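Across the two complexes that follow, chain A remains constant while its partner is chain B and subsequently chain C.
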Partner chain A sequence: MSEPTVPSGLSRRGELLLSVEDLQAYFDTDDGTVKAVDGVSFDIYRGEVFAVVGESGSGKSVTATTIMGLQPTIRIAGGSVHWKGRDLLAMSEEEHRRIRGGEIAMIFQDPLTALNPVHTVGRQIGEMARIHEGLNHKQAHERAIEMIELVGIPEPRKRADMYPHEFSGGMRQRAMIAMAITCKPDLLIADEPTTALDVTVQAQVLDVLLAIKDEIDSAIMLITHDLGVVAGLADRVMVMYAGRQAEIGTAAELFYQTRHPYTFGLLASLPRLDGGDDEELVPIDGSPPSLIHVPSGCAFHPRCRFAEVPGRCNEERPLLRTVTSDGHVTACHFAERLATVTVESIRTGRTEVGP
Partner chain B sequence: MFSFLIRRLLLIIPTVFVALSFLFALFFVLPGDPATLIAGGANRTPDPGVIERVNERYGLNDPLGEQFLNYWKRTLQWDLGESFQNRRSVNEILGEKAVNSVRLGIWAILIEILIGISVGVLSAIRRYSIADKLTTVVTAVASAVPVFVLGFILQYALAVYPNKHDWPAWMRLRTQGLGPDTWTLFFIPTGETWRYLVLPAVALASVSTALATRMTRGSMLEVMRADYMRTARAKGLNERQVIVRHGLRNAMLPVVTLIGVDFGTVIGAAVLTETTFSWPGLGSEIASSVISRDLPVTLGLTLAVVLAYTVINLLVDVSYGWFDPRIRFGKGSKQ
Partner chain C sequence: MTVLEPIVPAVEVPSAPARSLRGEAWRRFRRNRMAMVGLAFLALLVLAAVFAPLITKYTPIERDNSAFRQPPSAEHWFGTDKIGRDVFSRVVYGARVSLRIGIAATTMALVIGVVLGAVAGYFGGIIDTLVMRLTDVFLAIPYIVLAVAIASVAGRSENSVIIVLGITGWLGLARIVRASFLSLKQLEYVEAAHALGYARTRIMFRHILPNALQPVIVYGTVLVGSVILSEAALSFLNVGPQDPTPAWGLMVSQGKGDLANASHLLFFPGGAICLTVLALVLVGDGLRDALDPKLT
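Up next is the complex of A and B:
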């Protein structure tokens, strides 16, 4: 495996698991080509939590499901996805199937619809072990009980024989996690794992996820639109916009040395408990672009308060380039000017930037 | 579960009462004097003494209210009376006709289940393929063609024509009646009986099979888009396992209801099929008893059909709990 072209992260503690390079994944529709993922590159190492952040339609979920091979209608227009050095996109469906669930497991957003209503929770968890480890019914059932216990559901033996509708929302998501970790995968892809849950159980579920990660020594790719979740959990963060990368860096870099206007927009729209009563949330003007007709140049320029239009911003697509540190990259022509900008200045409307 | 069963069983009482009271009333509203009909039919003028004796024998002189009460008293003791036409006990007629109806009905339902579900599932999996498009056309035609038209076409193409042109023996089917009427395990034909069974069973099953196919296809297509199917794929199951283990049972939920309703219908209301193929079942017997104003036969056989229908529907509802644990009864489920 050659050195990745994109500088990646500071915390190179673990083995390189997943390497995505310039991935272009398109959907061909009657209205045109939807460029759902348009040139995305990143690496994930064992032991880290890699967060992918963006609005709906930014391509985060499609990136994940493409890695999983769960997008039958997608067209891979370019790029590569390597899993432990093996090319995932070139491998046969049968080989990919063995990795799916066994080495890379996925947790979905809404655990009520993602669990099959007509099978017991225990059976659905045990099925994982039956496919990948060839356990029989009884062994699989015992494994399921073990897993249910591991994710902190009380009375695991009784719970294993119950159906998803008999579980509470938080418990269902724990069951999803139990299912995903049954075969001790190396990478857990969690697609908005807490979005459908009550705020009070979100933290519990995230705690379980983190504890499990250490227990089975895996990596987590955490897909979310919630920067609050990212702040507490992620080692590294990738911000996506319109199928492209806006910025990648450690969580600290993204929060405190922000170098992309879109990241700023996300941070400024985040409610804060320590803000005064009169503090207003600052939304990002406009809405995400159509992925069929992506704006010219930088896809974010129509909504960007720093954009120079007409100018480079609407003429030239910005490439990812290294800023503040080796692993901190951003796709903004004027990243350096943002050094003086803070979230507070955006909230108060004083956004004069340097020359 | 238990209280659910009790409630459903109690519900049968008003259902039966309303259905039969309506029929009873209808009989006396229809033109023509019952006694005259019994004594010899509308075209002849029987002796007044005969009419008087008939009225006496069947209690037709009593006030209508009293006749109604007496009818229910007898019915509760399962005394269904005797036929006005030939004085045969209605129980005897019922037993004889019901057996034929149930045998034919079982085969029609088996065809519906086997063909309807398998073709529907395959059609959904291979959506937009030639086979799928063909299925759509065939089921549309099959659900639109009346049974008597289909019946005659089948009779000609598969029985009359092959017999006339000396086709191989196994291809020659029969068009009318029960044939030798020999069976094993109640519903499996032996000897030559199958030649008589095939055509009416196919004709009777045609419309419901077409509907079951379409419903299975639609339901399966919907299920294939469900999140849990994606979960199943993400687990690493292959496509066949995904469909069989996770898709089928969910897709069957609406189809089970349809098949349950059909089962009641093919047993009690197969009038056209039974008439077309001279199959002596309940449907054709009820129809002819209505035409000849044979009240005890009409009421008795209808009672049996209504009871069978409600009980089958109850069984379907109970089996629903197996298919869908979310509606398993009496378990205090929370959504």
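Up next is the complex of A and C:
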């Protein structure tokens, strides 16, 4: 490889928390088997922000909810999920329930609907501590106030007695975060935590999330389709397409040493502040494939501008392989050819690839 | 633990005092005049039932051997019946019987209906099918036949009426609660509750049920009225409480032969039944409007 190796941060990694190996999670429907997650492997270490990026239907949310055991209708066709060395998929519902909320907590996309309208915010936050730590009502209320203050909501004592509809969107998302971190989980799964918020509030909520992560020394699995959020926040990124992994690497590797055409597609469709007035955004042609009839070979080949069809791309499913550094893996037959391609060259239409 | 600087400026706190959900519902309820009339009548009825000995001159079983089938007078406000008992006392004490049966049977129906409906709607699948077929079985049994059967086994008493009306009254409730659960369990806050590691029973009864209560409260209120009506029907058919219990339906039944010469024997207990049921329906209507802001 000709380019310099980007430090992947391996040496700074903390304790291994979550280890997913070749996870295959399918939904059986009348129309056929939906391969929502099809052979996904990744690790999450304490202290890092691990982002999962992809279009709607790429399997990123299903991956998270499967880990959480929140998909009652899903069939685990293969693979394993280990949490601190324990097999999550083999656990009893009761054991799994104790881990949920206590050790792994989840923040949902829409704070409008993820808070129960009939209970006060303080009660909902305190309930976590009552269930997982056995606090009484009064202690739980105090803990709730402490948490509300921690996520930066003013007048916590007054706010604790209010109902969700009396909160603004950003404050509701903060309340959700407060609820998720009440028992100081080791892993926070945030499923599109800022999608429902307006842009100015997004930044505030993300700041809170990052500060909390350091405060309670946890890891964050950030599910998003917003590469802007990823660029500012993530240590490592996993790009998913059609339930499969396209590319994993540090944020810098993915943005500057891209080795998968789909990642390029995402980057080229992203507007940039430093782009010229006449800069055109390049959409990815076509639409995501049906997860029942996934294209043969590489799932992305029908939309890929670099694909050799007929050829390896539509005949052989690409395996994940290491490219620029130990932690940078991609699932593309022609990853090496992409070394000369840049987002600019895609935008200007000069997409000849290397040998 | 260090505390993050509040990033949202403090001015975002609304200056208007926040109204509680209950306060808001009560404010809307008060605007409904008919519902308030119904509520006032029910309040009077409850007071009369509780303080019956203070507002009546006679006990309900006391006979005045000088006055049979007398029309209303200053001495006997609602007249006397064919064996000389004061109809006013019997109607007032009858409120105790009706309210007791109405509330007890409705409570029983509420518990059965809410639990079965919640379980069916929440778990779905085979459990749902079993519960729904059970309601079909109960729907197929006329409650009067059941009442006769139970009365012949357990005897004619207030308690057997409560049991009959309790185990036949929950069907509609179970269906309402099931329907609410089916839609509510899809909501994100239920998924969030799962994700936070809450137990299923807790999610069902602490997180979903409060959101499903609005139709239950309305239906429950109207159900009290319908139970009182059914109780009157059972008493009229002589499978309810027995003489000398001052049950309204029983009094109508005993007075039915005197429609021409002593119509007050039918009019007062019958009127009490009508007004009570009407008041309950009005309150139920008012509650529906007050609890569902979308309707107003």
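Following the convention adopted for this analysis, the second predicted complex is superposed on the first by the 344 of 355 C-alpha atoms of A that agree within 3 Å, B and C clash if a C-alpha of one lies under 4 Å from a C-alpha of the other, contacts with A are read in each partner's own complex, and residues count from 1 in each chain.
Everything below uses one rule, namely that a residue touches a chain if its C-beta (ideal position, glycine included) is under 8 Å from a C-beta of that chain, and two chains touch if they have at least 3 such contacts.
None of these values were measured; they are calculated from a predicted model.
Asks: Will chain C clash with chain B on chain A after the two structures are superposed, or do they fit?
Replies: clash
Asks: For A:327, using the defined touch cut-off, is the partner it touches chain B, chain C, both, or neither? Pick first, second, both or neither.
Replies: A:327 contacts neither chain B nor chain C.
Asks: Under the stated touch criterion, which partner chain does A:155 make contact with: chain B (first), chain C (second), both, or neither?
Replies: In the superposition, A:155 contacts chain C only.
Asks: After superposition on the shared chain, which partner residues are touched by A:249: those of chain B (first), chain C (second), both, or neither?
Replies: Touch status of A:249: no partner.
Asks: With the two complexes superposed on chain A, say which partner A:170 touches: chain B (first), chain C (second), both, or neither.
Replies: second
Asks: Can A:116 be said to touch chain B (first), chain C (second), both, or neither?
Replies: A:116 contacts both chain B and chain C.
Asks: Figure out whether A:211 sits in contact with chain B (first) or chain C (second), or with both, or with neither.
Replies: After superposing on A, A:211 lies in contact with chain C but is clear of chain B.
Asks: Comparing chain B against chain C, which has contacts with more of the residues in chain A?
Replies: C
Asks: Taking the superposition on A as described, I'd like to know which of chain B and chain C A:108 touches: first, second, both or neither.
Replies: both
Asks: Same chain A residues contacting chain B and chain C, which ones?
Replies: Touching chain B in the first complex and chain C in the second, residues 68, 70, 97-102, 105-106, 108, 110, 113-119, 127-128, 131-132, 163, 166, 176, 179 of chain A appear in both lists.
Asks: Under the touch definition given earlier, write down the residues of chain C that touch chain A in their complex.
Replies: 1-10, 12-14, 18, 21, 187-189, 191-199, 202, 207, 210-211
Asks: For the complex, give me every residue of chain A touching chain B.
Replies: 68, 70, 94, 97-102, 105-106, 108, 110, 113-119, 127-128, 131-132, 163, 165-166, 176, 179
Asks: Could you please specify the touching residues of chain A with respect to chain C in the complex?
Replies: 68, 70, 97-102, 105-106, 108-110, 113-119, 127-128, 131-132, 146, 149-155, 158-159, 162-163, 166, 168, 170-171, 176, 179-180, 204, 207-208, 211-212, 215
Asks: Could you please specify the touching residues of chain B with respect to chain A in the complex?
Replies: The contact residues of chain B facing chain A are 226-228, 230-238, 241, 245-246, 249-250, 323-326, 333-335.
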